[in-house]
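Just so it is clear, A, B, C and D label the chains in written order, and each chain counts residues from 1 on its own.
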């Protein structure tokens, strides 16, 4: 593979689809980057599982308040209009369908929308956190991910082989090569890197890519 | 983000025929009288909405607020726990005449069903009502040797809510026991419309003191000096006021 | 029937069994009187379904705040240490077993602890309120009632004929004539008016009265 | 009514072998470090309690607080959602060696199970986990064409909780996101033991701002300047401190 998007560029692309005023939960780690790339004039409200709505950027080093952290245990700040609440209320927001978007990482995504992102198998210590709740709560569940694994295997598959996080829950995938919707249990290609042929993209995708209209160029800024 | 709307008329404009509407309050405490009256005004002017299903703890008192809404004939069905009051004549007469449906729900079950609706819990088990008429036809399951009744979530198209302070994000506080069902209903309606005594700027309410985070609210309208049902009824008020 | 306790005296007797610091819910109407007769040195904390813990006496006439009412829609005041909460939290307190005592009125009580206190039959408008929750939540559910109906019929029965509020939930009954526990589906007489013979009491009771020890005199002050 | 106790030692004295103990906090935020350390002190001094089942969102970090409790060998089983952290070596080693049991629960389900325990709801249905390993063996029921997993309430013998202000009635506030699981655990334990930064007199906390009403609390102990797990771990602290 020659060219692919950086994580920052994938996060940027995902951020473009978040509307002004949307309530958004970003998974811990890579998805947290999405918050940095909100288009000018739009302001999403970010939710964190541990009980904050409308938290802001990281504080300056040395001025962290360790009672003011996000789900990734990183120190955050508050925006005007922020609110605190307990964990049951926090997941009422999640499970009750009040979030507009959840953006999560993935080990594997299947063409029917199944997501595997919490366990790489029976070895080691399993840990699930809030992912299984998020995939069944938010109105729209999107994934951001490299298109393939570190050793080049497809992450977009006919069916997941790793333990599932949720069944039929993902609706859009932002990868390092393409933007793909899940429509009626099929991968529907919406955008791809202009330098990449459809055949090349199909070659690194573990299930058939469909189209239902013109495939747009996936164009992102240098970041 | 600005969820404020400038008038009561605008706030209730989207409520259509046949809608399900949660209305906050316990008796008059926390009852959004002005929002209810705005809905009545719309009905008087346009003939709509009608055929409403209303969820409230009570069935109104006197001839204002919820009682007035029922009196207009706009309400097809009431889901409540306690349809009695000092002056319940409006509901009582329609109910005994078979002109309004009643689904009677124990008060704690009503609260929990609404919370479940807001929290994405489609059903839960409660000891409440087991072995009584109100559990008839409901699924029973035993846990640890005790029998429980399965109850379903309750959601609505709209919630009409009375709060105290509100900001443009929809963050809310309440006044004393006027809190009651209001925060729950905010979570369980597709569109939550709130009247507040004062609109403040985001950040004006301490994040520790917000009772309803704005995510549960779609519209906020200011009613600076809201009326109390109890005071109106002691003055024998009637809504709409008789024209002649 | 010659002598019987007044409602105030029944309420007084019930109040003597409430421990200092107990969390108590009093049903609307007659049971509310219990709050007036707490023994000196004891202070219960009263809960009301509509979201107040530790409310106090009625305010002076004219100074009512109609956002500060109890479940009977009467204006109340707050004691220091009072708290507000919403209805789901209020009934979490009830259903979750956090109340020490609930004291309710009754149309009928059966010897197995069944209570009927919400409906006198299919006529009229049914209304249940929080009674069905209270009877399955509080650690101890007591009833205060006249021993017989207004037309002299027994309220303490082998089984209730009116629609039930709860099954097997009552553990103690304070009547105008006696104090009776429910033990293994039997009425166990604990106290009776000293002027009343056991036979006279049995005659106005719709199920057999048992004893498992000496029956104390039910003695209350003039009120 | 006075629920205050004068020392941490006294506060944790009643926790016996085999007890189930909910411990508040999300990572270090809201973790009652001093109560946990007092429990470790008791174990060091008396050999008790052992065989604890601990309910917490995480499995500890470094060698203080929950991690230290696990490291002593006092914990038989952990019920949590995310047993990973910056430095999870204590739990990881015991788990991989088969010396501690783990019940893994999705975070929202964990929160809801605890709330259900406190609210007298023996079971509820959630979409979370349907079709996954974590729903294996659980009852499934369909509502409105969608499948849900039945989950049971979670209660405990004790809860160790960190709050901010507390009064002698047990009314509590929390500091920022240190709230997290703490108010839920207060409701679901037979005995809730709370460390607060400051004990105030009843009435000092505005009744509108109380997050945990005192009915859910049995003991309150003041720890004026509570330690933060994150700060301790950055200083590479170990508890108990090595004696030699």
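One rule holds for everything that comes next: a residue touches a chain if its C-beta (ideal position, glycine included) is under 8 Å from a C-beta of that chain, and two chains touch if they have at least 3 such contacts.
Note that the structure is predicted; figures quoted are calculated from it, not measured.
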Completion exercise
Greatest centre-to-centre gap (Cα means) from chain A is with chain C
Fill in the blank from the handout: Between A-D and A-B, more contacting C-beta pairs sit at A-D
Fill in the blank from the handout: Between chain B and chain C, the Cα-mean centres are separated in Å by 30
Exercise for the section: Report, in whole Å, the distance between the mean C-alpha point of chain A and the mean C-alpha point of chain B. Expected result: 37
Exercise for the section: List, in ascending order, every residue of chain A touching at least 2 other chains. Expected result: 52, 84-85, 88, 91, 94-95, 136-137
Handout entry: Of all residues in chain B, the ones touching two or more other chains
Key = 112, 115, 119-121, 126-127, 174, 176, 207-208
Exercise for the section: Specify the contact topology among the chains shown, as one of line, ring, star, complete or other. Expected result: other
Handout entry: Complete list of chain pairs which touch one another
Key = A-B, A-D, B-C, B-D, C-D
Fill in the blank from the handout: Listed in rising order, the residues of chain D that touch chain A in the complex are 26-30, 57, 59, 81-86, 88, 91-92, 95-96, 102, 104-112, 114-115, 126-134, 174-184, 211, 228-231
Handout entry: Residue numbers on chain A that touch chain B, as the complex places them
Key = 20-21, 23, 43, 45, 47, 52-54, 78-85, 88-89, 91-99, 136-137
Problem - In the complex with chain D, residue positions of chain A that touch it - result: 48-52, 64-69, 71, 73, 84-88, 90-91, 94-95, 114, 119, 124-133, 136-137, 163-167
Fill in the blank from the handout: The residues of chain D that touch chain C in their complex are 1, 115, 117-121, 167-169, 171, 187, 201-203, 207-208, 210, 213-216
Problem - Residues on chain D engaged by chain B in the complex (per definition of touch) - result: 112, 116, 119-127, 141, 143-144, 146, 148, 152, 173-174, 176, 207-209
